[in-house]
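Letters A, B and C mark the chains as written, and numbering starts fresh at 1 in each.
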Amino acid sequence: MALLEVTGLTKNFGGLAANQDITLSVEDGTIVGLIGPNGAGKTTLFNTIAGLYAPDAGRVVFAGADITGWPPERVCRAGIGRTFQITKSFRQMTVLENVMVGAFLHTFSPRQARQAALAAIEKTGLLSRKDMLAGNLTVADRKRLEVARALATRPRMLMLDEAMAGLNPKERQEAVELILFLAREGTTILLVEHVMEVVMPISHRLVVLDYGKQIAEGKPEAIARDERVIKAYLGERYRAPG
Amino acid sequence: MADTTLTEGAAGAPARKPFPLAGVAVPLLALALLAYPFVFRLPFQHNLMILVFLYASLGQAWNILGGYAGQSSLGHAAFFGVGAYASSLLLVKFGIVPWVGMLAGGLVAVALSLLIGYPSFRLKGHYFVIATIVLAEIIYILFTNWPFAGGAEGLFLPLLPEGVVNFEFHSSKIPYYYIIFAILAVVTTVVFFVERSKLGFYFRAIREDPDAARSLGIDITRYKLIAMALSAFFTGVCGTFYAQFVLFIEPNNSLNFMLSVLIMLIPVFGGSGTLWGPILGAFILIPLSEFTRVYLSGAGRAIDLTLYGLLIMLVAIFEPRGLWAVVTRFRSRETLKWRFWKSQV
Amino acid sequence: MLDGTIIAQTLLSGVLIGFIYALVAVGLTLIYGVMDIVNFAHGEFLMLSMYVVFWLYALAGLDPMVSLPISVAVMFVVGVVTHKLVVRPVLRAPMSAQIFVTFGLMVFMRNGAQFLWSPNYRLIQTPLVAGRLELFGLFVGKPQLVAALGALITTGLVFWFLKRTETGRTLQAVAEDQDAAALMGINPDRTFMLAWGIGAACVGVAGALLANYYYIFPTVGNTFVLMAFVAVALGGFGSVPGALLAGVIIGVVEVLTGLFISPAFKNITAYVLYMVVVLVRPRGLLGEW
């Protein structure tokens, strides 16, 4: 059985189906990319899994537990960590303090939280900036901080919402390396990305959404040749200039 | 050894704590305050400091909820009032000593806070602030119309032989001075430990970004309620102290809206979400208000409150993080100088 | 004992006071709708306008109905100045600063009035509009009737202004999407100023109308503004028709509580109404913006 099983998930916003009958699974220890053009419903699906929205139909099963409709804090405690597309740092707290908040999930001791936080900070390469206020970080560092903070909760699966958006090519490369490193360490990763090229090379499997529906699922090579996917993306390119 | 524990416990904070305030300045200040009543012997000098400590304690209690957890309550007079009324009613109607009443007052305030907090914590920003005002107004109206509690006329507390057990002192105010000093010390110590603990981290995370806090596994309603309960408990305890100090309570002196304003103003002015902010705020604002009241106006002419209004505006515009932020900036600049000097040697 | 006449009489007075709540709420909701800031000093604006009218009466012998335009003009300026001096500096500041700044203004104005003019209750003794008349067997105070009609007309004017004039539409555009409005060449700051000016001018009207029959004292704004908060929440933050409807509902609920339960508790039902509304239907009855 896969680590995450989503079956028949549907979410409507005022009569508009943002997600329609979506079924996907994420195997333990893999990297799965969730892609699709703008407005395809990726973020809605992401937030529904993370507990921000309750689905109108369907089930979300994580590590054997039915977590459908659980609030975000319970989803986190079930073992799913997440980041936000528009970063949500605790701005008036230092990097270390930010990550300690995550680490406190498993301990009452500030000392242990501090150690766990430092480990997560080191993994994400923020050690030199651990005492900076989060509000003063660059966008790229704030994205790292999101990852470090989520890591500190010791998730079995990490969901990254547009982790690459707004990064320059060098920062993107660093982010990719970080993701691969985390995957090697055994963290399952669900990536939401708008840009297909970034996800292709690192994902074991891809799920493609368009207009709230799942239009393809499979290995990256197969997806790259899938006609519906190409159409969806080409379609977007035609739309893009407008 | 004790020192290492302290720095370790302060996890994360040390970067912004340039020199050991806790090690030197605080014990000195505490000693000075302990000696104060014997250096300044006039009743009004004792009175003034009792008020400073009372409002510092109230500000510190508000600080837990409003400063650390970021939920700006403008209804704290309700907790103060029920604390005052609980102990007073127990004393007047059932002859129960105020010390028990104080505990009861704190607990009644906690119960009320949970009752208020549960619905209002679902609200954000202005909705929450208005809800706290409205709920406190409801309490005010209820007490004004509750004959058992003396209604609008209030309750006079019986004059009992003075002594610690009866919590009444007539010949000198000095015992009140030490009692409220102890209350301030306790609530400040609690905040000191909360700040460094899981609770404090969670409170601040909720203040900074509730959605992010939830994504990290924090049940934000639960932690807001904890903050509210802690805050209400100490506010209620202060209410009992006040009732025993003035021996008369009425809705207008213990449930008044302006009291809520003052309880909020003190930490905001001094620096909300900081350990020393509320104390700093009380040490500046209360003497200021007492002196302006004495020198600038007669009874009922609210010059002190007018000044408060002006100060709230000025602080909000020029230093939203309060005066303590100015102090912190000053201190870190000092450290820079010191580092520079050290590097030259 | 509770015959139909008494209930009808009570309902009528509820509706009449409700229009005043509505007018106060309209100013509040306008400022909130356009810039997401709650003006805690709104009740004090009302108080100030009542004192303006009172002093014009006491010192210059002007009747409230004559000084109404003056009150409106003064309050418009007060609103604009408040925006410039007090609100604009905190627009980019944290939420708490935005809450505290108008809150500070409230404390300042309320106690400043007490300092300058004492806490005494004052009344305009012989206004032009006085006495009462009989309508279908019910008695109505003329000042109350005039105030209610004036409030209704002013609310209508504000609504017309927002929906039918070019400037009014810019206000709405800014309320909907500030950035988009800025791209369309609308100056948000000018719009904010206008919102504050008009919001305050609304209570300028309300104050003058109330001064005909209501006591004037430094904390007079308190009751009205708390009711207006309830009305704004009930009607839907930012909605003018919502504020009107909610104002009337609150006025009626208030007098009915007074009649059936006890006058002492008449505010409580309105407060409870607020809690229920914000918890159950946070958008309010007619929330639109």
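Assorted remarks:
Simple rule for what comes next: contacts are C-beta pairs under 8 Å (C-beta built on N, C-alpha and C of every residue); 3 or more make two chains touch, one makes a residue touch a chain.
Not measured: the values here are computed from a predicted model.
For the pair subunit A and subunit B, there is no chain touching both partners. Among the remaining chains, the Cα-based centre furthest from that of subunit C is the centre of A. Put simply, the chain closest to the centre of the protein, by Cα centroids, is B.
Averaging Cα coordinates per chain places subunit A and subunit B 42 Å apart. Here the CA centre of subunit B is 33 Å from the CA centre of subunit C. Subunit A and subunit C have Cα centroids lying 48 Å from one another.
Residue positions of subunit C touching 2 or more other chains: there are none. Multi-chain contact residues of subunit B (touching two or more other chains): none found.
Across the complex, subunit A is touched by residues 8-9, 11-13, 15-16, 196-198, 201-202, 204-205, 208-209, 211-220, 273 of subunit B.
Every residue of subunit C that touches subunit B in the complex is listed here, in rising order: 32, 38, 86, 89-90, 93-101, 103-112, 114-115, 118-119, 222, 226, 229-230, 233, 262, 264-265, 267-268, 271-272, 274-275, 278-279, 282.
Contact residues on subunit A toward subunit B in their complex (touch as defined above): 50, 52, 71-73, 76-77, 81-82, 84, 88-94, 96-97, 100-102, 104-105, 107-108, 110-111, 113-114, 131, 149-150, 152-153. Only residues 70, 72, 74, 119-120, 122-123, 125-127, 129-131, 133-135, 137-138, 141-142, 144-145, 257-258, 261, 268, 272, 297, 300-303, 305-306, 308-317, 320 of subunit B touch subunit C when the two sit together in their complex.
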